[in-house]
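Chain nomenclature is as follows: A, B, C, D, E and F, assigned in order of appearance, with residue numbering initiated at 1 for each chain independently.
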Amino acid sequence: MKSKTVYFCAGWFTDKQNKAYEKAMEAIKNNPTVDVDNSYVPLQHQYKGLRVDEHPELLEDREWSTATYNGDRVGVQTSDIILAIYIPEEEDVGMGVELGMAKAFGKYNLIVIPDEDWGKPINLMTYGVGDHFIKLSELENYNFNRPSFNFYEGAVY
Amino acid sequence: MKSKTVYFCAGWFTDKQNKAYEKAMEAIKNNPTVDVDNSYVPLQHQYKGLRVDEHPELLEDREWSTATYNGDRVGVQTSDIILAIYIPEEEDVGMGVELGMAKAFGKYNLIVIPDEDWGKPINLMTYGVGDHFIKLSELENYNFNRPSFNFYEGAVY
Amino acid sequence: MKSKTVYFCAGWFTDKQNKAYEKAMEAIKNNPTVDVDNSYVPLQHQYKGLRVDEHPELLEDREWSTATYNGDRVGVQTSDIILAIYIPEEEDVGMGVELGMAKAFGKYNLIVIPDEDWGKPINLMTYGVGDHFIKLSELENYNFNRPSFNFYEGAVY
Amino acid sequence: MKSKTVYFCAGWFTDKQNKAYEKAMEAIKNNPTVDVDNSYVPLQHQYKGLRVDEHPELLEDREWSTATYNGDRVGVQTSDIILAIYIPEEEDVGMGVELGMAKAFGKYNLIVIPDEDWGKPINLMTYGVGDHFIKLSELENYNFNRPSFNFYEGAVY
Amino acid sequence: MKSKTVYFCAGWFTDKQNKAYEKAMEAIKNNPTVDVDNSYVPLQHQYKGLRVDEHPELLEDREWSTATYNGDRVGVQTSDIILAIYIPEEEDVGMGVELGMAKAFGKYNLIVIPDEDWGKPINLMTYGVGDHFIKLSELENYNFNRPSFNFYEGAVY
Amino acid sequence: MKSKTVYFCAGWFTDKQNKAYEKAMEAIKNNPTVDVDNSYVPLQHQYKGLRVDEHPELLEDREWSTATYNGDRVGVQTSDIILAIYIPEEEDVGMGVELGMAKAFGKYNLIVIPDEDWGKPINLMTYGVGDHFIKLSELENYNFNRPSFNFYEGAVY
């Protein structure tokens, strides 16, 4: 069976983000249409393996910033599908940049929302650049080989 | 003298955003290199003139969402320069989408940060897709006809 | 006053097309927001000034075809706005290619429909890549400096 | 053996179109370099499974139009190759939009022409955005894994 | 009269390059359709005003390289037209990158060749991404407001 | 195991180029993450199988030039990864065009430099559009399924 690579677009800063992150990661590992091994997980591509939350001195290190940004850009460009683990009440500007960039390059943006948050208001621009919206519980069985379009069934502000 | 149109990318939800919004708008009105009349201000392009913050019933109105999103997309595509009034502590996913989209279309992203916030940490992806960073007090005299590149002189997380 | 260049996208094969062509050309000459002199009119850019309808031997001339196609491509890329004079019952594949290409390059597609045809069914893909739809009688006063979005108010098949 | 997905771009309105449609569909099912299962066939992606030719009330339904257009756009973006079943005397504006959009996104446009129509005049813009032209009888053995370029061997108007 | 900005793409390393550089610069200063003041001349945008040929220590300075590259990228993106002063026997990889990038962004590539070198063999890829080819003596009177297409009248290898 | 197709971007004119060409070709044949069979090797796609170095009469043959250029363009667009065998002291404008075009289309540019030339000065624009730089001896074991970013560890002029 074919499988697709994803750019795993998710936050890892709050409890809610971490929980969704773990669940989503497990779901794609169980999904035979995702090639997890060759997917791009930003957290695994911090320049020289250093994370800014653990090494605050990197905050002002231009080489680290430039290389880590470029790593993520490469990830967006070379992955088959952008997989955004999206929490309506904790929207993130960095995820916005990745979705906008992906849209203009003609990539497919799949937005996954935790079941308990499904229907809550999301930003208008995410609504517009998202190609398909599903609940987190649907991720495990979603067929990444057959992209199609739907609207977000929820509020948009 | 030549002048450039801008996509005026700014929030209007918090006090801080409103204050920066007003200051920035005044600055570009005083800047002869900006064609304010023909610039795209999203707040003036809400579909049918209706704002979702004043008409909460629009939250679920798919026609309103689709048209307002497309209006903003058209604004990004047809403006000469993306002007983002960017508040490090109040980053916004919608602005992220606009900056990412603009980047991939080859537009010029100018990031303007209030003087009192200059140097504060900004998101890595904004750092990467920004082409030029200035303080709000510099906006009035910035020459929009001569785009160039610089790095953000501040922290990046 | 500022003015925009247009790629004048229109057929010149049937009576109806010719009539709409003439009317539209006159309208933009009267519209101070259009820079007609520097706009791209495909009929004026046939390679070496030769038209295939008058020189049928060109039908098989690869140099003529390649150069004329590239001329039109250049016209689409370098014009500010794509102006399509669109007749619902005489849709044209070449116009489709130009609109699709323009869309992906981030250009603004303005679709103008003769008043007597307004509301008639148009192709789904034109509906989707059109950014703004107006009647031919509105063309003379349309402000090309202030692009915005609307839906086609008519049938789509 | 590797296989490629295609965006199956073809009309289904006239007898001639239907006949070519069926033949082409059979050819790619016999072609081991095409992944038919995961290819995008617009007719199978009409929003909510409703076809406008069977449900004329959809002609004015903006939600149906918007979603069906976006489905086709997603299909073009996510397929490896655009496969156009092209009938010179029945050219179609929608196919034009798809080919133009695909071209600007850097996709590969394969134009397939029924044997009995090979050589007949095609539109200049199709000639220009087509990357490779073959006869319908060649489709079954065409190697989708090895894209290359050729000119249309026929008339262009 | 309207005027266009150019990205002034030229070498400044050999005598021949310097001579052509000077001539071309003078020609566009005399050409009323070029807005020289707001055009992008890479040599004037070396990061912090430092030139690598005068400061060899910059060869290994990653910040200088990254910023200077990004300056040139911004120049390509924000200029109306790419003006390449092209010497067939001294072709340059950097100019190639700029022309290729410009092509994919939908910019207009104007290739100017010194009169004494007109007709000499040029690289196939330059031939392909060039939109218009003229002699250096024609530059002064070339109308930058009316882009069109032609072939290089010379050898291609 | 998955494998990626490459656009094999390399010169074949000087001894040094030929030597690097052979080594690189052998390396990717031994690399299980490269699908050599379906990769695009420009030398194998000269129009009608004719090489301009063996048939100098082609230098002025517009059909040959146009078709061969378009073949290479198709190769860049349809390959997963651009593989440039890059010799610092023999930089090539055609390779520059291919890298620039690939960059703007969002492709991944892998630059491979012969071990003995590693660290030597390369052009600023190549530095900027390269996504990853490795030595020729590393090519055989490079994992084409896991693209990431690094800087060139050498001089840039």
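Keep this in mind: contacts are C-beta pairs under 8 Å (C-beta built on N, C-alpha and C of every residue); 3 or more make two chains touch, one makes a residue touch a chain.
Just so it is clear, the structure is predicted and the values come from calculations on it, not from any experiment.
The chains touching chain E as well as chain F are A, C. Matching residue numbers shows that E-F is the pair in E-F, C-F or B-D whose interface repeats A-B, with more than half of the contact pairs in common.
Under half of the residue numbers found at the chain B and chain E interface occur in both copies, marking it as a different-residue contact.
Centre-to-centre spacing of chain C and chain E amounts to 31 Å, using the average Cα coordinate of each chain. Annotation: 39 Å between the Cα-based centres of chain A and chain E.
Annotation for chain C: residues 62-63, 66, 70, 73, 104-106, 151 touch two or more other chains. All chain pairs in contact, by the document's touch criterion: A-B, A-D, A-E, A-F, B-C, B-D, B-E, C-D, C-E, C-F, D-F, E-F.
Taken in their complex, chain C has these residues touching chain F: 62-63, 66. By the touch criterion given at the top, residues 2, 106-108, 131-132, 145-151 of chain E touch chain C in their complex.
By the touch criterion stated above, chain F contacts chain E in their complex at residues 52-53, 59-60, 62, 65-66, 68-70, 72-73, 91-105, 121, 123-129, 151, 154-157. Interface residues of chain F facing chain D in the complex, by the touch rule stated above, are 35, 37-38, 40, 45, 63, 67, 70-71, 73-75, 77-78, 105-106.
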